[in-house]
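Each of the next two complexes has chain A plus one more chain, namely chain B in the first and chain C in the second.
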Partner chain A sequence: MAQPFVKKDDDRDDEDEYSPFMGIEKGAVLQEARVFNDPQLDAKRCSQVITKLLYLLNQGETFTKTEATGVFFAVTKLFQSRDTGLRRMVYLMIKEISPSADEVIIVTSSLMKDMNSRTDMYRANAIRVLCQITDGTLLTQIERYLKQAIVDKNPVVASAAIVSGIHLLQTAPEIVKRWSNEVQEAIQSRAALVQFHALALLHQIRQNDRLAVSKLVTSLTKGSIRSPLAQCLLIRYTSQVIRESVVNIQTGDRPFFDYIEGCLRHKTEMVIFEAARAITELSNVTARELTPAITVIQLFLSSSKPVLRFAAIRTLNKVAMTHPMAVTNCNIDMESLISDQNRSIATLAITTLLKTGNESSVDRLMKQITNFMSDIADEFKIVVVEAIRSLCLKFPLKYRSLMNFLSSILREEGGFEYKKAIVDAIVIIIRDIPDAKESGLLHLCEFIEDCEFTYLSTQILHFLGNEGPKTSDPSKYIRYIYNRVILENATIRASAVSTLAKFGAMVDSLKPRIFILLRRCLSDNDDEVRDRATLYFNYLEGDGPVVETEESVKDFLFGSLDIPLGNLETGLKNYIQDPSEEPFDVNSVPKEVKSQPPAEKKAPSRKPTTGLGTLPAGLTSSADAYENLLSSIQEFASFGKLFKSSVPVELTEEETEYAVNVVKHIFDHHVVFQYNCTNTIPEQVLENVTVIVDASEAEEFSEVASKPLRSLPYDTPGQTFVAFEKPQGVPVVGKFSNMLRFTVKEVDPSTGEAEDDGVEDEYQLEDFEVVAADYMLKVGVSNFRNAWESMGPDCERIDEYGLGPRESLAEAVNAVIQLLGMQPCEGTEVVPSNSRSHTCLLSGVYIGNVKVLVRLSLGIDGAKEVSMKLAVRSEDGNVSDAIHETVASG
Partner chain B sequence: MATFLSREVCPTIKNILLLDSEGKRVAVKYYSDDWPTNSAKLAFEKSVFTKTQKTNARTEAEITMLENNIIVYRFVQDLHFFVTGGDDENELILATVLQGFFDAVTLILRNNVEQREALENLDLILLCLDEIVDGGMILETDGSIIAGKAATSSNMDDGASLSEQTISQALATAREHLTRSLLSYLNHLIYRWCFAAIF
Partner chain C sequence: MLLAVLIANSEGNILVERFNGVPAEERLHWRSFLVKLGADNLKGVKNEELLVASHKSVYIVYTVLGDVSIFVVGKDEYDELALAEAIFVITSALKDVCGKPPTERLFLDKYGKICLCLDEIVWKGLLENTDKERIKRLVRLKPPTEF
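Moving on, here comes the complex of A and B:
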């Protein structure tokens, strides 16, 4: 038999297409595995067979249960052999077939023997195998050995035990938690990787105990960690501690910040980058804190290693979303990255530049991008198109060059997703920038002249029908639309007919011509097109079976279906299954959307769904979740429409027994406080949890209802609610003090069952206030000047204020934005450093759905005294006054 | 209150792939559940391969993103090395793991890094994968240590204890040389010599 596994000498002759596994077949290999049972084991032969089995598994071949069991039992025989190489393959094989619980018992004794072997390699591998296949009961038997192994002087053995501990923590946490002392000792190991593994395990053991994590960080940041990987871990843990701790108000310093900043000077790039990234991700990071991090990242931008350049530009890209000013120093380096070989890096560079660029650099950038677009893949192009869309909304005055760019790339080759991204971008720009409408619509019209995607054509025709008639010269679109009727497939023809009808209904002067065109469609060979044409023809003529008024024609053409499509579908299905003489009645379909249980908030999705149909879907989802939650509670159902929900306000210190935060829901007539409670004590379950609210410092509020929480088990968040009535539409403020009241019951940790008897207990929570900002919704406008002009000076109120000494202009601007709770527009919340004066534009919607715009002009003098001029325009003079009152009393 | 998953705090490797010049598997190892079935795995490998195929990753490790994953990769002859991690992972840590894997395979294949050689030493390569990452957790990143762990336990001879001794000695010498100057011709000669001595 040929022995393809013998490692041949290098100068063996080169046959073509030679593979040692050519023609390999599962059945034959399983037959071969019989050699495992030979009384005289041939170690080399056995290794070869195992390699073949592993090869099959690696190629995705699966073994049936019987086959796997057979192989497993045969492999266990190989523990008899003393060949180290073979033993190594046996370990690998056992891990790959992961035997079932009743089979594991066969190998445990062999593995336990190896665990106590004098050969380090045996010990390390036996530990890893055993811990992977074992269950809890066996673990108690071997725990003693594992603890020893953690502090073994051989780093490979120690790492094997610690890493196994990390995996076991998921299944048997209470056992692994007992190893803390040994793990702590291992952190001091001289071996770099042992240190890394030990630190990871110790942190995971303590991660629910904030105080312990903080202590761990405190002791280790003093510098006993040498391994770069361990250092990266420590940076992550440190920034986590920073995130959870409070900033020192006097100095603005954060604890441990020095340590992370020190890591920027480490000799390993991995650690430097980890530290720089950690700084950029700190919440409310200041310009002073960012500068050193940005400086090291800037150096990485010109590295010869693509991985470094990528890491650096990706971080800057994220920073640019929140602190565009901080990144501008790197603009020159980033511009040279546009021509980077690695297209991912080039795309990130472009999109970052689009975020940091100012109005004057837009044209130059667009020129560079045009060259770049021709040689990248569609997926990168989509990213660029999305960046250009947001750039256009940021600098509306630049719409002309940006729109030209979009239309030129629209004419080029490209796949569906890419074309759709461009069309979406144009549509959104048309919606937000009125000046761009006419040229944008014409670009779209030209596009459908030669568009291969039915979906896009119909979407554009629909959009054209809604927007076209409102333009100054609707007649110029008719030609494009009617061309579709002549040239395209039935689906597009049908939607073109609908669009024509919309023009006919809206523009009287066009009506006679539309009639002629629609009449031609009456003989179309497709049913749908013909039916639509007939229907619209009769509607518009007004002599159909029912005489329609002008209003209802428009309603019919433009109104949207107010029934959830899912419900309609079920309704129709039921009707088909159970047909009756009566026609299907649309009104019988229920209109409520099936309420979904409020899901845990996930990380914000990466791709906001801004399509043609659903514009602001991404932003409103959490508000929708609250609204669904509240309307599903009977007591609160009558409160009407939810106006605003605040961000959660923490009511407890960190590291306490119970974590509680409150969300303030504002209704027209009421406020509802949603207390989110988490019990962090595993040995307890809380029942009948309520919050007793003392509103003596909030006189205008009176409590009307509360909803207690039945049970609050360990680590599962629950909510309790308290509702107050308040004067309608008035922005009353007040302070509330809170007391958590509950019945506490002990839980047996081994069974997880609660004892019958409980004790009444109370827990003091911190106070919170309902402030003026709670009555303001953050709603941006894309073009502040337009909005300001169109609001008019009727309800304008202007006044000047002295804000006293402030640390900086930026701080003063932020304070006012916080106070008012409004949305800064056009990036004006960013104050360039060292500037003496600044204008900030804010917009929002006040309770009662009153639009408010604010123009803040601030100046700072040598003594850091800040003065402010506040101009407010709104739809209601009282609201403008109220804003001034807020500022005056704030 | 556990506000984060422990997994996110610790660097985690999602998979390590070694593919040939047509994108077929030589050896792969998945540590995460993101690709539950074999067909999902194959689909991922295919898209990774197609996406990176035309890039030049021969002198320096390259990097790309795919389906919210970061992939660092490097090509030598007809072998393509990939290491995948989550999109919030430190790119340089992934690159270190790739470098460790790449160095280890280079050592094991005695500089002759190509598909046929890799398949013939598949057992050693699988052992390498086993020594680099355990269940997503990075075990070791130094290529020579990884190769050493895989090779000391390899069955490179047919059991004659005398030549076993020679081999492990020769391997040790070779490793020293290799770590000093990775691609030296000298090491090649030592191997030749020692194999000539056995056979």
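Moving on, here comes the complex of A and C:
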């Protein structure tokens, strides 16, 4: 039985308050759906039940498979009714249930019938339902009808077919692509929406064919589009074509620009706006091109419609990032938006003004922002803080009022992300504007007195330790720091102890007092705090076991940990797994950043092998292992400290009888080639294995030693070595040819014993080279800018190079990185697609332990010619020159 | 893509919720986000006055009509201006079906019709019909008058 709508509740006077769906239950509604099976259908009641089902679905209720199937089968019965209202509901209901593939068959025939019905609206709806529930095979059956429908005189039928096409393009692109002619015809339709939908579909069909899109734009911009929505689409497609085409160098004109500019005078706001926005987004847009667009957008700023104001200010905000001067004319209009009811608009207005404002307007702006900050959410506040930071760096003289503003908002309520943004801003301002340092540090000190975030407190304490001792009166910070030792949790206490030690090391006059404070920490109940206090106490006092010079104390306290943390972690894990009496030596941790050895990628199928020789290079333990291995060989023991070991270079094809790769070990005065050999033939054993190296194309290398491998049984890797002498500290390069020479003996597979007699044989290996990158260690820096500044321009060398035509900027950047063998910093090795210029930052340590930093600025022109500016800073001018020579000869 | 159309009552209970191309696990998040957005900003707003917000590349335009609040969410070509167009169609259709800015009761009474209208306006994330007169006829399976 159908449940009647619940009657009015006695407690309620107002009928309006009351829901007809009150107390609705899925089970009961499903029971009611049985009414669909009645021989005499009651159309009104059926519609009511469908409404209830829709209500349930719209509330997020889900039906089980059985329930959905039941409802679906029952609903299909309703095709018998001739009631149009009910039929419309049935179409919607089938779409909402979206029956499974094996059930669809039940309604296909009814829908096919409707699709060919004389009633247009049956056709339109049947198309939409069929296209939603259909699969590929059914689609080929109905394709003919769909093509007809696209050019149907009734715009609703045409739109239904075209929009279905847009959806079907995802699942059956091949079929939809065949409809191009019909869709093309539909674009000429007089019905605005058909035009809009047809344009969208045609563009999607052709989007991967630049020429076709360009043709489409060319024909339509001549003026056959009436629908404003379609016009907006056309503007988008046109600006895409402009982006991909070349500006006429002589006149500076862009193709189609006149069309877009003409749209600025369209009668519909939406079109005007789309055109203005398209102009502002053109690459390398000129002031002449921008002006009319900005003028139009300026008018929207004072529109009564919030959406237009929002769109306008959002666009100006983007323009201000690249062309702040173009937006300054709108400053007055934007200032009035600071008090806009809509906070999104107000925030955008403020951040735009902060980008476009001049020095004289800063104070006035800050006053307005102060009132505004109290009633916006944290995420908006963060945007404002970031804008203020940039403003302060732009107008350093205004630091006082900006810093005061930051400190005042730091004292107010706010979440972690917001507070972190403020602290970061203050720290950056202190770093970049020396005058702001003292007041900034005091603001931070006051903040940690009442800071609820451990992370921020420790960050500030660390910063204070580095910067505080360099101020005119370091003693005034001690109180704030020591308060942390008394009042805070263990993590913060430990940081505070480190900070105190830094003051003690740097400021002699404070040292005795710092001792007193550190001594108090010696009995802290936390291990870490106590250990730190003891360590620093001994260090500073100068009588502990680790006593060193004053210089090394400072080095210890302030020097950065120049070991990649990942390597340190692996080193410590290995140490714990294999405990020894020896204390862990931090110097044993390799400094080179991990990289995936190419040898591993090349031969994924190769069996895992044991033995030092095949240790994948790059793993942290490998450098260590190599060093131990080489120093244990008498012939090489006198070569000194190993500077670098390369990744293994394969010298044989995959799946050959003998697999050989070489690792290049670089010493100051020597190189050692380690040939890792594997015998893959079970019936053979190789003896006296050596590699005969021809160094005729490596003139500056002379062979000094060779260590043969006595025996190479099946599947047990072994190594043979050859050492060369080379000029000391000089990065000489050369090419080496290699021949594997050995005595081969047959093995009896049953006993595994080798025969006594063997035959001498040779096996040709591939050549390899020693290149400039072999003399460079990949060592990253955490803050490139700081490292660059502190290196100074004394040994800077700058030059420009043409790299010739390249596939892309990314490929050029990659080639230079490979050539130099340096570590890319701060993710700058990634080149955004389609960018025309890029800056890449590299860091490394050159042979002789000379730190090197490189700044690459590359640009690519229309003909794909790449030019590069290379700036090198290092601790040695000769090394900077050598880097340039590498690039010049590479 | 028009990612969502959501209609809620004045207490933030969902009356209609239609998502397109939004994974099921993100829907709950969107629902609570939109309801909170409405609770924070819609108080005292006049009927059909549009509010707008954006988060990364997603835009939200929302408004009040009688007792219900309406939210539309879009990305890419459905930016704030296109969404304003969509929400204008939705509010016009609602007023048309209900005869006035609806009370919650009136809205629920006309629930079936409203679902049909929304089905004509937005279909699987694309704006399909924009003229309220035409929509009024289409939900009764009548062809458009201009044809």
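The rule is simple: the second predicted complex is superposed on the first by the 496 of 890 C-alpha atoms of A that agree within 3 Å, B and C clash if a C-alpha of one lies under 4 Å from a C-alpha of the other, contacts with A are read in each partner's own complex, and residues count from 1 in each chain.
To be clear about the criterion, a contact is a pair of C-beta atoms (placed from the backbone, for glycine too) under 8 Å apart; a residue touches a chain by one contact, two chains touch by 3 or more.
Remember, predicted model here, so these are calculated numbers, not experimental data.
*Asks:* Do chain B and chain C fit side by side on chain A after the overlay, or clash?
*Replies:* Partners clash after overlay.
*Asks:* When the two structures are laid over each other on chain A, which of chain B and chain C touches more residues of chain A?
*Replies:* B
*Asks:* Check whether A:K153 is in contact with chain B, with chain C, with both or with neither, and answer first, second, both or neither.
*Replies:* second
*Asks:* Could you say whether A:K44 touches chain B, chain C, both of them, or neither, answering first, second, both or neither?
*Replies:* Once the two structures are laid over each other on A, A:K44 reaches chain B alone.
*Asks:* Thinking of the overlay built on chain A, is A:S509 touched by chain B (first), by chain C (second), by both, or by neither?
*Replies:* Neither partner.
*Asks:* Check whether A:R236 is in contact with chain B, with chain C, with both or with neither, and answer first, second, both or neither.
*Replies:* both
*Asks:* Kindly classify A:V163 by the partners it touches after superposition: chain B alone (first), chain C alone (second), both, or neither?
*Replies:* both
*Asks:* Just to be sure I read the superposition right, which of the two partners does A:D120 touch: chain B = first, chain C = second, or both, or neither?
*Replies:* Once the two structures are laid over each other on A, A:D120 reaches chain C alone.
*Asks:* Name the contact category of A:Q634: first (chain B only), second (chain C only), both, or neither.
*Replies:* neither
*Asks:* Kindly classify A:S588 by the partners it touches after superposition: chain B alone (first), chain C alone (second), both, or neither?
*Replies:* neither
*Asks:* For chain A, what residues appear in both contact lists, the one with chain B and the one with chain C?
*Replies:* 18-21, 47, 50-51, 54-55, 58-60, 84-85, 87-89, 92, 95, 121, 128, 132, 156, 159, 163, 166-167, 193, 197, 200, 229, 232-233, 236, 269-270, 273-274, 305-308, 310-311, 314, 342, 344
*Asks:* For chain B, which residues count as touching chain A in their complex?
*Replies:* Chain B reaches chain A through residues 1-2, 4, 6, 9-11, 25, 27-28, 38, 41-42, 55-56, 60-65, 68, 72, 90-96, 110, 112, 116, 119-123, 126-127, 130, 134-135, 137-141, 149, 152-156, 158-159, 188, 191-192, 195-196, 199.
*Asks:* Which stretch or stretches of chain A touch chain C in the complex?
*Replies:* Those in contact with chain C are residues 15-21, 47-48, 50-51, 54-55, 58-60, 84-85, 87-89, 92, 95, 119-122, 125, 128, 132, 153-156, 159, 163, 166-167, 191, 193, 197, 200, 229, 232-233, 236, 269-270, 273-274, 305-308, 310-311, 314, 342-345.
*Asks:* What does chain C use to touch chain A in their complex?
*Replies:* So the residues of chain C touching chain A come out as 14-18, 27, 41, 49-54, 61, 67, 77, 79-85, 103-106, 108-109, 111-112, 115-116, 119, 123-124, 126-130, 134, 138-144, 146-147.
*Asks:* In their shared complex, at which residues does chain A touch chain B?
*Replies:* It comes out as residues 4-5, 7-10, 18-21, 43-44, 47, 50-51, 54-55, 58-60, 62, 83-89, 92, 95, 121, 128, 132, 156, 159-160, 163-164, 166-167, 169, 193, 196-197, 200, 203-204, 207-208, 229, 232-233, 236-237, 240, 269-270, 273-274, 277, 304-308, 310-311, 314, 341-342, 344, 606, 659, 678, 680, 715, 717.
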